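These are the structures in question, set out in turn.
Note that subunit A is present in both complexes that follow, paired respectively with subunit B and with subunit C.
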Partner chain A sequence: MKRDVLQEKILTILVDDFEFVQPGLDDNLRDDHGFDSIDAIELLGKIEGILGLALTREEKEKAMEIRTINDILDYIELIESSRTT
Partner chain B sequence: MRNGLLSDFVVTIICWVWFTLGFILFFSWRYVAAVLFAHETESSIQRLNSRFYQVLFRIIRVTAPNHTWEIDEQVAAIRSAVIVCNHLSYLDPLLLIALLERHRTIVKTRFFTMPIFGWVLKKAGYLPASGKGQFAGMMIDQLESMKSFLQRGGNLFIFPEGTRSRDGKIGNLNRGALKIARLCNAPVYVLQLANTDKLFTPGKFLFNTRITNTISLKIIDCIQPTHPDNMPSTAILEQRVLKAYRKQQK
Partner chain C sequence: MKRRVVITACSAITPIGWHKNDIVDSLRQGRSGVKPLRDDGLLNRHIHSRVFGTVDYPIDYGFKRQYRKTMGPVAYYACQVAKDVLEQSGLDQQFITSGRLGVAFGSTHGSPTVQRDIYRTFFQDLDAKFSSIGAVDYLRSMVHTTAVNITRMFGITGRVIASSTACTTSSQSIGFGYEMIRYGMQDAMICGGADEYDTTTVAVFDNLLACSTAYNDTPQRTPRPFDSGRDGLVVGEGGGAVLLEEYESAKRRGARILGEILGFGCNNNGGDLILPNLEGISTTLRLALQDAGISAGEVDFVSAHATGTKMGDVIEAQAIDAVYGDHLPFVTGLKSYMGHTMGTCGVIEMILTIYMMEQGFIAPTLNLEHVDERCSMLRHVREVTQADIRIGAIQNFAFGGVNTCLIFKAGKEVDE
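This part shows the complex of A and B:
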């Protein structure tokens, strides 16, 4: 999946489901949008839906360190590439 | 005055004796047995926590009779819900644990690193406040199992202010509890607790047994999912919770 398509999907989810207002790609998710560990776990479920796969425990733990929307996109691309190689 | 202070001191010491010796003599071996032999360790530990604090509150009721208790019987009957409550004293979480046998709650992350106490918290299925670093796995496990825990009759109770109120007024709310309610499509019960801070005041070491006081706990709102798969947004839930508290303060 191309990054710009992925970006649009993630932004739509963050606005619609997590009530983000005007999210920026390098905003600090916690400080700027109140995004916490509970949100991260909910988002992981939605990422699984986008990718059509189940994340492993290690992959989920890695996601808890995500800070920005760009980090989310990097994370998804990393998962995609690791599953295709 | 001196007799009053002596009474405060004696009640405080009795409670601490229960916390330490009472735990070692009457409960420590039960916890070990629950971990080794119980079919469902988590619910067994929660039940033991509940029993332990039920005894503590019996002790307080007997030794501090100037404080009367008006606890809404409906509170102990709540099942499968996220419960939010205002926070006045360190006694508050202990009271809810005593009342709700099947419960989980969110605890300050640093408590999980304490010997024995941290172990009990982990075994009880409580959630760390932060999911960072070594606590990421624990947070994931507890949240992923939360929906089934609630569906099986358990309750998650949280003090969304995060800290004890010093003036009795409701402070800013952390939305974590409401996010979990949405995630699990669970009803939110809003509880109002009053005057536990008169018995065990923030910043004080001794219980205050001298004043005449009524401690009360009641349900002031219940927000049900409007549709099986359609919970209000977190912002709307927060507004409703705040409205319920502000109505009580008028």
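This part shows the complex of A and C:
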């Protein structure tokens, strides 16, 4: 999936489902938008929906390092590339 | 150490209104909040009882998503009434987060709406059953969801007591909150209960032949506590909270005192989990009087549990007669206005009594047209009665054999 398409999908989710207001790609998710561990788990479920696959436990634990929207996009691209190689 | 405990704020979301004026108006006008059972797409078509104590007015909660995400419908009621009492109280944020304010709040079984969604996931033919259960579903549905959503929303760091004893849930919450303050463990407690719209509860009572079915076409004519034409209880929904504070500190900060908790009685029947028990109930009423240090003759008003079941009302009438004897207080069954709001009923009945104390009247038991002769020994309130309630008692009895009685004094009677 191209990054700009992915970015649009993630921004739509963050605005519609997580009620982010004017999200910036390098905003700190927690400090700027009150995103917490509960939200992270919910978002991973939505990412599984976008990718059409179930994340492994190791992949989910890796997601806990995410701090920004750009990090989310990098993370999804990493998952995609690891699954296709 | 025994400290005095006063009520300094209260709020109830009930089938007869949310704000005090609406509730008082309903009580004075004899307006019922019992309506036709709503369609839940699951059980309502199979239930014989077609009535429900319904909250059908809009409530603009305005809670932010960061709080909403862990809340089922029951927590909305809980957090709204908690927000109301904190706003009324004027307590500052420093105290609220100090650890000296606790929460005693419960519901019958968390959020059945969310639990149903979880089970629906299990029973659907999906490949991804497990992962489609949301990460927050447990937080929304768990039995202590009301109490901890309140602590989360307001940053409360004191003790949490999450009673879940069916119909005595909120009266236990008030009683245990009172004891927390009385014995110095906390300086203030938000106490109460909530229960959301739920047809599974109706189905349970329906199957036990305890629900009203004869007035499906005229919902406002049921329940009928103490009436010879009663045919069972009506399940209802709502939420209620009172703020309890240690008397001296409440007085120091100039808080408005709505009442003083004088005593709390609580016991168990020690046997059958369903049938009402005269000895158990009578003992509870006596325990409350003993804790309050007053005689039966000093109680002016009893808010009876009075669900409108055939045997429950008779046993309760016998207990009141046995305990109060020659000094019978006025008796009203307030569930006649809204049905049985389950875990919420005790706190709602206390708040309605506070309002009647403030305004100098006693509401009658609605639908009490022909008193069952087995209940006729009581001093039933049959019409709106001008009277000053100085001391009132709130009695509640639950499945599981749990009984409670709270005795409290009107705010204007509290010593300066």
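In this section, the second predicted complex is superposed on the first by the 85 of 85 C-alpha atoms of A that agree within 3 Å, B and C clash if a C-alpha of one lies under 4 Å from a C-alpha of the other, contacts with A are read in each partner's own complex, and residues count from 1 in each chain.
Following the convention adopted for this analysis, contacts are C-beta pairs under 8 Å (C-beta built on N, C-alpha and C of every residue); 3 or more make two chains touch, one makes a residue touch a chain.
Bear in mind that the values here come from a model prediction, so they are computed numbers and not experimental data.
When the two structures are aligned on the shared chain, A:56 is found in touch with neither subunit B nor subunit C.
In the overlay built on the shared chain, the residue A:65 is in contact with subunit B alone; subunit C does not reach it.
Of the two partner chains placed by superposition, A:82 touches none, neither subunit B nor subunit C.
Of the two partner chains, both subunit B and subunit C are touched by A:34.
In the superposition on chain A, A:19 makes contact with both subunit B and subunit C. By the touch criterion defined above, A:42 reaches both subunit B and subunit C.
Residue overlap on subunit A between its contacts with subunit B in one complex and with subunit C in the other: 19, 34, 36, 38-39, 41-42. Those residues of subunit A that touch subunit B in the shared complex are 19, 34, 36-42, 57, 60-61, 64-65. Contact residues of subunit C toward subunit A in the complex are 64-66, 69-70, 128, 131-132, 134-136, 139. Per the touch definition, subunit B reaches subunit A in the complex via residues 130-132, 136-137, 139-140, 143-144, 175-176, 179-180, 183, 233-235. Residues 18-19, 34, 36, 38-39, 41-42, 45, 48, 54 of subunit A are the ones that touch subunit C when the two sit in their complex.
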